[in-house]
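Chain IDs A, B, C and D follow the sequence of writing; residue 1 opens each chain.
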Amino acid sequence: MTARIPRWPGVELGPKDLESGVVTTVRYRPEAKFAWSAGEAMSRFLAELQEGRLIARNCTGCDRILFPPRMFCEECYRPTDAWVYVRDTGTIETYSVSYLDTDARRITEPILVGVVSLDGASPRMGMMHYFGEMSKDDIRIGMRVKAKWRAPKDRVGSVLDIEYFRPLREGEG
Amino acid sequence: MRKVAVVGAGMTLFRRRLQETGKELSFEAARMALDSAKMEIGDVDAVIQGTAPDAFDGVHMKGEYLLDGSGGRRKPFMRVYTGGGTGVFSTIAGYWHVASGLADVALVVNEEKMSSCQPHPQSVFAHIWDPILDRPLRPNLIWIFAMEMNRYMTVHGIPYEDIARVAVKNKRNAVGHPCAQLPDPNITLEDVMNSELMAWPVRRLDISPPSDGAAAVVIASEDVVRKRRLKDQAAWIKGVGWCIDSTMWTDRDLVFPEYVNRAAKMAYKQAKIVSPRREIDFAEPYDPFDYKELHHLEGLGLADKGKAGLMTREGITERDGDFPVCPSGGLLGVGNPIAATLGIKIGELYWQLTGQAGKRQIPNEVHTGVAQAWGDLMQYGCVVVMGT
Amino acid sequence: MTFTERTRDPRAYRHWPGHVEADYIYTSGIAGEHFFRELRDHGRILGTRCAECGRRWVPPKLFCEECFVEVRDWVDLPREGRVAATCVVRVDAHGAPLRTPEVWGLIRFRGFEGGFVHRLLIAPDRAKAGLAVKAVLKPEGSRTGAITDIEGFAPGAA
Amino acid sequence: MKVGIVGVGVTPFRPTTPEFSWKELMYDGAQRAYADAGIDPRTDVGSFITCAEDYYEGFGIFDEFTPDQLGAALRPMHTVGGDGIQGLANAVMQILSGLADVVVVESHSKASDILTFEGIVAHGLDPIWNKPLGGHPNYVAGLEMDAFLRGSGNTAKDCALIASANRQAALLNPIAAYGARVTPEQAAASPALWAPLRHLDVSILADGCVVLVVAGEKAARRMASAPVWVDGIGWASDSPSLETREWVIPAYARIAATMAYRLAKVRAPAGAFDLAEVDDKFSYKELQHLEALGLARKGQAGTMARRGDLDAGGKLPTNVSGGSLGCGNVLDASGLHRIAEAVLQLRGEAGRRQVDGAKRAVVQSWRGLPAATGAVAVLGVGR
């Protein structure tokens, strides 16, 4: 059948056709603003970040320390048990060397970004973040890293209170 | 449970920009599917819509907006949504509409119009992340794939060439597809490996393009197939499965798609498939990035962990190979209008199994195929097994 | 209170702001393109006619809503329509009071399915179903090929 | 085979819930439903369904953020871009298809997270034909109210009666967010912001989560002493185009009811039910929906309201829950909320709101502006 269909529908437009009025269009910018309730777990998480600490919740059902923290355990399906601090050191689980910035524009000095599993949390539990004080040639999976915190006065209660993770130095952690 | 078949399919061109509105694209695909099933809209009991983020087309409640174009006006109309998984998932929903007996004929229509989103659909991907944990870092979509690909390559020690070969194969396969956006008969491994580095290890030609497009299939009960004498153009749905993993993607090991594996096991159980690699003749796994085809072949139990790349290297997954994979040309070759990839996953299974795939027809006789899609934050798998 | 914990200071509950931000350019599509070009260039308002069932539709669509077949025939809309329902709106898009109320109408046309939902260019106290109205177009040259090329609908005299 | 509801969980509806993230709110609704059904979601559930819209949540792909709090991580789960009763329909079909034995259906509203609700509703209008005209999107409801009153013979006073009655009924419902001693005169004198639609004709957004546990016949009989059976279910959409949809008696409700009644073998709906829960996101919608569902003759819904037929002790107690006007508009959870109310009523667990001897109920939903989609379910106990 598909071999016999003479014309498959679809009228292709060129890159400029939308912009230049070759075809009629409507331009629109929706108003879609939000203020998400952070709730119990994330409110505390953000407050602790502002203090320069990383906090988790433990679940005695499965004996895990859950990071990022949550008020319920998705495995045991019950409320988690207590607040537990985890360390700001950890291990790179994976990463990318990005020549695209956050707006997908080309850049020459790459952004190093990846997932860090944190010491003190259950295996592999961690967060996405940037990496610094290392080059694209140094970075590797399994590398030990530590958070580089912003100065206390610059912290607002955000994952950006950590500037990036840097290589763990000898004697640290 | 009564048997259920796909009895018709249709799709539009996949292109970076199409002039049609989303409704019009839906109509064109749906009309083509109905024509191929020799049906009119009055024969349809229910309409299922697959379409991914509202923020692509730029309409809140996008399913509602599209429904007249999809033939859903004054009918039971249902939109299902599993991110990128929607391309295969809507057929699963179509299956249960008919298998349950609530509908005898269901029309499944998937659509995406990503070009509405300016300056680039990439801007929508900024909103798919957790607002508190991820969005402040202003992540770029390609980053997560790069991170997953890196983990997959590094843990298994897979050379990049084995991954890049998938892009070559699929873009060449797409040459036979009349709707393809990026077919390339002359592409070489070097072209992919030397293409612009976007976010190591991901290069430009490892990635499928954003596209506009729509696709549709008609799903019918065995009674309808018999009464309307559609047996020669029916491909039966033998098994369906779906699974979502935890939202907490930074807590998961990205090396293996466990959720795809669970979805596959669910579908194989229903289809009574014990040894998938032996009992299935070809596959249409989701391939928005070349490594994903390999990742998914492993999740589907069609390759051992870390070994899917070898299948590509050895030519097993070529259209004329022992186990063809993405004979359609896949998302890498035909294009990636998220949900509308229905046309190159379920649609391709249908056309291949009923011998209607034309230039793309797999030379070996095929009786059983599997289609799979993947979505959300690297956490959704859905699987459909179809056979003759 | 959340399950087993309670934050004592309600000021400690945080909110995280965000905006699902994007700009859109919507094409008018195949049917819309013809309609808006005729409106912009010739001041004509067109509907479609389904060859299958004979129904005439406005706004035009590529397909007949009833028969679900492609529609190719264009027909002129009668100059005069009739208001089928009205709404007098006293707040703006954000809910803030308007100094001058806006009047909206559902306008039907004899022999056509559908019609327009548009502004009525009349005083609020004249907003009544049954009123005969005509489209008021922007002057030629300032029309862009959009529904806003129709400024609104007003009683016959306009 | 039959399908039964064996568990319901409803969080109290509140104007705001700063103590809950959307995940925590969903967890709260779900844990109540699982306790009610006596199940462990990690071992006893075949499939999970959530009903949600990206733009109500503020996400590009909200489906990502749903599984953990329902116990659905690494389980079959999907999102329905629709109303909760449409989610229930999917559960029914999955069970009848043999794909799952026990299915969980969730929907919620975290409307207090939305700063620009009007902007989001407006973003649902047709991009070519309606959006460029701007305006507050409630003009659509104002126009529809005018068309309905004119076409059916009901009056704005009848609507004020509903706006009052449902807010007062909600005073007996502990989950209601907006119960209030509003009189019909007060409603009729509230500002006509979208005339003929007035301020008090409009339901107010609330936060809340509703979760159902649904099971096939065998499992349901095993799990619950008296399952509430889904005797019939239907859903339908009219044209999404404002211009071509039906404006007096909405097609979506009429067609959905026809489907649900066919499955439930209801021939004469007017006398078939002990109670009705119908959508009242706007006061006129209750009257309009009663007529579309064949529960009132054309133009007679207002008369029924005036005669007291819709009151708790009347011929057809309607929205004794307090409806959306009294409990709050919980967006796509509105339909599930009313299913949950009907389940409590049919179990005889509705407390001060209990309708004596309720055995059969009809529940109807509408997705809210600017949609023309709704669903109907017929629920019953016994047999």
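Observations on the structure shown:
What we mean here is this: a contact is a pair of C-beta atoms (placed from the backbone, for glycine too) under 8 Å apart; a residue touches a chain by one contact, two chains touch by 3 or more.
Predicted, not measured: the structure shown is a model, and the values here were computed from it.
Counting steps between touching chains, the shortest path from chain A to chain C takes 1.
When chain centres are set by their Cα atoms, the one at the greatest distance from chain C is A. With centres taken as mean Cα positions, chain B sits 27 Å from chain A. Mean C-alpha position of chain B lies 33 Å from that of chain D. With centres defined as mean CA coordinates, chain D is found 36 Å away from chain A. Residue positions of chain D with contacts to 2 or more other chains are 18-20, 24, 27, 54-55, 58-60, 67-68, 73, 116, 118-120, 122-123, 127-128, 132, 239, 241, 244. Residue positions of chain B touching 2 or more other chains, listed in rising order: 19-21, 28, 55, 58, 60, 68, 73, 115-116, 123-124, 126-127, 131-132, 246, 248. Of all residues in chain A, those that touch two or more other chains are 11, 13, 18, 23, 26, 28, 30, 32-42, 46, 70-72, 74.
Chain B meets chain C in the complex at residues 19-21, 23-24, 27-28, 30-31, 34, 40-41, 55, 58, 68-69, 71, 73, 115-119, 123-124, 126-127, 131-132, 135.
Chain A contributes residues 1-5, 8-15, 17-18, 23, 28, 30, 34, 36, 38, 42, 45-46, 66-68, 70, 74, 93-104, 110, 113-115, 122, 124-130, 136, 141, 158-160 to its touches with chain B in the complex.
Across the interface of their complex, chain B is touched by residues 53-55, 58-61, 63-68, 72-82, 86, 89-90, 92-99, 120-121, 123-124, 126-128, 234-241, 244, 251, 255-256, 259, 263, 367, 370-373 of chain D. Chain contact summary for the complex, chain D toward chain C: residues 18-20, 24, 27-28, 54-55, 58-60, 116, 118-119, 122, 127-130, 132-140, 142-147, 150, 191-197, 239, 241-244, 247. Put simply, chain A touches chain D in their complex at residues 26, 28, 30-42, 70-72, 74-77.
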